[in-house]
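Just below is one structure, and these are the notes that go with it.
Lettered A, B, C and D in written order, each chain numbered from 1.
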Amino acid sequence: MRYGIVGYSGRMGQELAALFAGKGHELVLSADKSGENVSAPPQVVLDFSLPQALPVTLRLCRSHKSALVLGTTGLGEAEAGEVRGLAQTVPVIHSSNFGVGTNILAMILQDYSGLLAEWELEIEEAHHNKKIDAPSGTALMLMRATGRTCPAHSLRLGNLPGDHTAHFAMGDELLSFTHRAVSRSMFAAGALKAAEFAVNSAAGYYNFQDVLRLTKK
Amino acid sequence: MRYGIVGYSGRMGQELAALFAGKGHELVLSADKSGENVSAPPQVVLDFSLPQALPVTLRLCRSHKSALVLGTTGLGEAEAGEVRGLAQTVPVIHSSNFGVGTNILAMILQDYSGLLAEWELEIEEAHHNKKIDAPSGTALMLMRATGRTCPAHSLRLGNLPGDHTAHFAMGDELLSFTHRAVSRSMFAAGALKAAEFAVNSAAGYYNFQDVLRLTKK
Amino acid sequence: MRYGIVGYSGRMGQELAALFAGKGHELVLSADKSGENVSAPPQVVLDFSLPQALPVTLRLCRSHKSALVLGTTGLGEAEAGEVRGLAQTVPVIHSSNFGVGTNILAMILQDYSGLLAEWELEIEEAHHNKKIDAPSGTALMLMRATGRTCPAHSLRLGNLPGDHTAHFAMGDELLSFTHRAVSRSMFAAGALKAAEFAVNSAAGYYNFQDVLRLTKK
Amino acid sequence: MRYGIVGYSGRMGQELAALFAGKGHELVLSADKSGENVSAPPQVVLDFSLPQALPVTLRLCRSHKSALVLGTTGLGEAEAGEVRGLAQTVPVIHSSNFGVGTNILAMILQDYSGLLAEWELEIEEAHHNKKIDAPSGTALMLMRATGRTCPAHSLRLGNLPGDHTAHFAMGDELLSFTHRAVSRSMFAAGALKAAEFAVNSAAGYYNFQDVLRLTKK
């Protein structure tokens, strides 16, 4: 596919470019603070940068009729409205978390929240020692999926890319659902899945769990 | 409730009696190789013994119009037919595994087998060093729930009541679903749940996962 | 061996009696709030009750020249001195934790505190939901063994008898040392080991780690 | 330090070069099948390539009086003799495994093999799905450290860099010692530690555990 990256020179931008290049996709647009380079109209634009970049991203998608894979969090109401507006003309995949496994885990926790309602719940997560926020955004996503609040334990250890476990206990039984990121590049793999979905889909506003459900074999 | 136990003097029979007594239920029928004691008609009969006991169990249920909670495995076709015949007149809960958590895990694995179809799968289980069969019956139940075959690793260690994990891997992500039995009496707790369901339900043939779904809050 | 139990009717007293009986040992002395029963001089007295019982325990050991296995915590200085005084005439094993595996883990953490000095450390423990204190006494023992302080995470889940893990991380490596109690009766097993040591040893004051080292094959 | 790499263009050679460059060390010698480049005499030469490269490595160390960090496995007797001969004039660190944590774990297992002699033992390891040999070399090193043989379970899952666990069980207790590689570059970190040790040490033949013991704070 022909694709573009907004926030090209950032860490996620570079990871996306490396992964997509390895799969034979063609980078035809790159944009960041230093300017824009466009060699052909992209089928899909990816933006995992900051809310400030959104106007550029929207303009590029509109002018090229490109699908959008958007990982930006912290959008205001007006900006979120514009994203939904774009989705009337092109496919837009918008999520705060593009982990395939983390989203499958969230879907399970939501689907089974009823059957597990009487079970005690605690969540723990472990990340590298540079991570400042705690609990992690993924831990909060998993907790929201359960529909309740619970104790959350955050360990900060070495270079760990990210473990998350939801422990459910009932009497003499313990059920533990664990996700382990083997490298921090797992989100780029999810973005690729989203981009492949986007270029083959009808206009509309999707989150990443929609992508997983709709591409299920 | 008023209940009866076939196989009363066996290990599971004794566990059931202890658990049910602790909950205030009334043992009105007990049967084993040494004979039968009946002090009142039971609302429900529990049989976690051997196929040889089935004729006694069926006769008792028919004559007292008792519901049946049946954990017997290895029934022949004729015997299975008789159990289904009984279910036309009373509630019958029949399963090879009365673990609440193990069955919830099996339900998840079945529901998500499509979304996890491309992930690699390995199962491991750990049990006490007296356990002879490997992989465990629960490990096989979980594997069946995934709809595929996979490597299964069996550890035999000390007095472990039973751990089971299904590991799914895809590139840089690992999803592990673990069930831990904290004591071997967890199956008695499931049998209690089944008995409580049985005495409040219409005639019919149910497995334990039906009980879990139908009693979901 | 002929043994006695102070605090016979308590939970630990009953567990000790059951375990020792199963091994063919002979209960010749039992004492608790309701009085004392002595049928023969015990070779060893076990006391896992409260500091208030100590005077009775000391008197019984002195009059029968019995060894002592003492699990009482929270002794004052004067009482601790009396225990050490007794140890001049009989073997006394005194520890706050009679877990074999937890003590081996503590010994490892102490021996390797130098080699692991630059590694980051976090401890986590999980216990049944009735446990009030956090972190657990065993977690604190493990932390002391490392010679430093660190974050400790306490999970309270179902009927878990007790898990403890010390995680050490250094860059791209994680070392995790885990102890799992499979049942709460593991401490009785350690007390048995201590009693067997006591009846075969010279007078002296030992802790449980001494017992482990001196009985090593 | 000024260092050299034999097997420069291989995967491990490239990882070493990247890590050492990041620490400000100076690559003054590189050798592989395509030839040799020497810009200054290296203080230490690293060789994690194949036995065929050993003659080149030995010649370079002799002519430059360089210390040697050698990760080559599968040496014949004559070759091993030559390595020991070199160690009479310069420091030589030779090990099959330069993982800091894996070696600390092996040291623990060896030191505590006596205290854990009566415990049941099983080892499990998990690696990426491209790994062909099973059990892994590290699993075998850990087993040797325990001084006995035991069941070993090998899981092959996604991109896992490598987990190893030694489980010890005794009755109601389970002790599990786990090492997790967070990335495959952990061995380069150990090689750096070895190189730093080598340039500051007297001539002699050391394995990596000697390095760990002698550099302990």
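Simple rule for what comes next: a residue touches a chain if its C-beta (ideal position, glycine included) is under 8 Å from a C-beta of that chain, and two chains touch if they have at least 3 such contacts.
Since the model is a prediction, treat every value here as computed from it, not as a measurement.
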| item | value |
| --- | --- |
| Given subunit C and subunit D, the chains that contact each of them | A, B |
| Most widely separated chain from subunit B, with each centre as the mean of CA atoms | D |
| B-D against A-D, pair bridged by the larger set of C-beta contacts | B-D |
| Distance from subunit D to subunit A - Cα centre to Cα centre, in angstrom | 38 |
| Between subunit A and subunit B, centroid-to-centroid distance (C-alpha), Å | 40 |
| Whole-Å gap between the CA centroids of subunit B and subunit D | 49 |
| Two or more partner chains touched - positions in subunit C | 158-161, 170-174, 182-183 |
| Contact footprint of subunit C on subunit A as seen in their complex | 120, 122, 124, 126, 129, 151, 153, 155-160, 167, 169-174 |
| Of all residues in subunit A, those that touch subunit B in their complex | 99-102, 104-105, 107-108, 111-112, 114-118, 161, 168, 170-183, 185-186, 189, 212-213, 216-217 |
| Residue ranges of subunit D in contact with subunit A within the complex | 158-161, 182-183 |
